[in-house]
Amino acid sequence: MKRLRSIIPALIPLLVVTAAAELAVRYGSVKSYLVPAPSSVLRAMIESRAELFGALLTTSVSALVGFLLSTVAGIAIAVFLSSSRAIQRAFYPYAVFFQTVPIIAIAPLLVIWFGYGTRTVVASAFVVSIFPVIANTLSGILSTEPALRDLFRLYGASTLVTLFKLRFPAALPQILTGLRVASGLAVIGAIVGEFIGGQGLGSVVDVARTQQRVDKVFAAVLLASVLGLALFGLINLVSNVTLRRWHASEQ
Amino acid sequence: MHRRTFLRIAPAIALLANCGKSPGKIRLALNWKPDPQFGGFYAAPYQAHGLDVEILPGGAGTPTIQMVGAGSAEFGVVSADELVVARSQGNDVVALFAVFQNNPQGIMVHASRKLASLADLFKVPGTVALQRGLPYARLLEKKYGFEKVKIVPSPGGDISAFLADKNFAQQCFIMSEPLTAKHQGADVQVFPVSDAGYNPYTTVLTTSGEFLRNDPDHAKAIAAAVREGWRAYLDDPKPTNQRMKQLNPSMAPAVFAEVAEAQTPFIETDETRRNGLGSMTKERWEALIAQLKDLGDLKTAPAPEDCYRAL
Amino acid sequence: MQLQGVRKTFDQLVVIAGMDLEIAAGEFIAILGPSGCGKSTLLRMIARLAEPTAGSIAIQPEEQFQTSFVFQDAHLLPWRTVLDNAALPLELMGVAREARYATARTALQQVSLHEAEDRYPAQLSGGMRMRASLARALVTQPRLLLLDEPFAALDEITRFRLDTQLRELWQTRRITVVFVTHSISEAAFLANRAVVLTKRHGAIKLDRRLNLPIERTDDLRMDPRLAGEMKVLLSAMEEE
């Protein structure tokens, strides 16, 4: 019951904005071909539900796979980078490349390498979402308290043991922060990949746009947002379960 | 001499005499990067007609028709089918000048495939890149069926996928991408979409009904300037091409000149020689509306005479 | 343990300029000095966590894992229970689960923390955390216990209690304790021997055997003898 009550404050602005938009389009000066009335978005969603939910499933799978890949690879790369100052200086700038490269520019390259279809979409989601994982994980690993590292050294723990028993668990809150950011980016990356690769919600948006079906565009975008929210919620759940007993953020 | 000069200045004088208010800066939004398809717009003598026009170059997906509807541009370049759909949704946009009298859309394939017609393309396995949401694509789907081919999104003006794969076919403007591909060594064959019976006016100058009502004189002046611009561009595209090349470095300079030449038969036809460049007929609009209605794109079909104005 | 000519510099900064010190087994020695005099650095060198720039530190007999360290902050691993934290050194040394839990429980009992063994550090008070840290230091049966201002962050009552508990542990286990502090009263109350270091270069200003009974009870805190020793230590720390 308490959970339900905590959602209500978040729902109120949503209801107000939706009602205002409906009125503005129906009776006011907002043109329906620019901003669709919420009722027409709903109608589009119901009319095209098979297509939309099929697309949602496709995009979800691609985004999730891309996200999992960037989680695993991102953490691995961060562990590698944490091993020495020299390695960081040599390779970290290339990791930053993932952050700064505009996905729109390299998406056509991805198509050339991976072809039209899911692989390109996953690759796009991966490229867009990996950097926050690397950055946050590295930061978490490197900011382990020196005293704790001393403690482990005192009792003869090897670098590997220190990594798994100390630095990793200590970095977990930051890793989860990185994953939260990465989850939303993975959805965006998947959608962009789908503009180029031609499937899922990205394709629905692209095709509907050229058909001038703004209502359908909004319906697809809405579903994409829901997907992003769902992934975010999943990370929060994981964070809650793992950090619940010991970290300030979940107290 | 006197008379010609007077005639040329007359519109400007009329304008100045007539209005107390000038429209300020008039924005003309293009739906692609500056290239020969917009030559006449860049060559047009706006100032001589007392107009201050700013041309806004576009790119992939520029929503020119929505921009005109929303008022973020006073004029825009659209294609006729877009306009009909927009009108059916309540967007009061009106066509003034049709640059391409015939539809320059086409699908380019590798000549080595020895395909005889557009119909053949959809009978053999291969990849066809087109914008699936566009009316012409859905007309092709209805007519030929897409079951045998793999449909992928059109990569815009990028022909790298086309060059890399012999079985790759791509939507294009007949006188544009194929020429670029030829320059890169590809053996290209093009099938016009109009072969399938789909022939809307393209690269159409459009404005809002509101602008026409409030500022009929300026609208007329723009139409006149554009007409003169296209005449000048057809007669000698070189100076305007220079200007556009600087704005759009993505098209090779040699290709610019070729494209300008290749597009001429689409612009100057017997019809335009009779009725002037950019002129439109009710019958063409009627036929287009009927086709779009048949495809299911229109909630309510607009009246053909509402779609365009001869100025 | 013998420190000979021990010198430590960080780049250009000379923290300790040649120290000679001998510590006998079973001593409870307090190292006093103002902040920045190098006492923490000294302790870390003894623990082999840092290397002296010159000189040597010899510990007889040399054995592995005979030294334990207690930091100013309890530094428990927040994602482990008290019991797991206490057992950590044994875990790192490769001791089997049952054995290390048994030893850990004993240590927790010695610091009166055995009832909290399933709790997490976030659920403990500062004093309880420090006690857990102490228990962790004791599980390896160390012969040398190094403490770096361990009770400085705690309130006075807790500090007094832990002082007493530490002293008791020292007596029952017969370990050598090196206790770094900047509190004169604590140094006097706990130690048999006090060494005062100078602010610059960490040189030994005073090395004094304290004239106090072996049994240190709370009453001693009010005893004039304690005040007397404190006075000596204070004047040593003051002149600079």
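Quick notes on this one:
The letters A, B and C name the chains in turn, as written, and every chain counts its residues from 1.
Definition applied: contacts are C-beta pairs under 8 Å (C-beta built on N, C-alpha and C of every residue); 3 or more make two chains touch, one makes a residue touch a chain.
Note that the structure is predicted; figures quoted are calculated from it, not measured.
Chain-level centrality, scored on Cα centres against the all-protein Cα centre, points to A. Chain centre most remote from that of chain C: B (centre = mean of CA atoms).
Chain geometry summary: the mean Cα position of chain A and that of chain C are 48 Å apart. Chain A and chain B have Cα centroids separated by 39 Å. Separation between the centroids of chain B and chain C, computed from CA atoms only, is 84 Å. Chain contact summary for the complex, chain B toward chain A: residues 61, 65-66, 69-70, 82, 85-86, 89-91, 127, 131-134, 150-153, 155, 158, 160-161, 164, 297. Across the complex, chain C meets chain A through its residues 44, 47-49, 64-65, 67-69, 71, 73, 75, 77-79, 88-89, 91-93, 120-122, 140. Remark: chain A residues 31-34, 108, 111-112, 116, 195-198, 203, 206-213 touch chain B in the complex.
Against chain C, in their complex, chain A makes its touches with residues 145, 147-148, 150-157, 161, 165-166, 169-170, 172, 245-248, 251.
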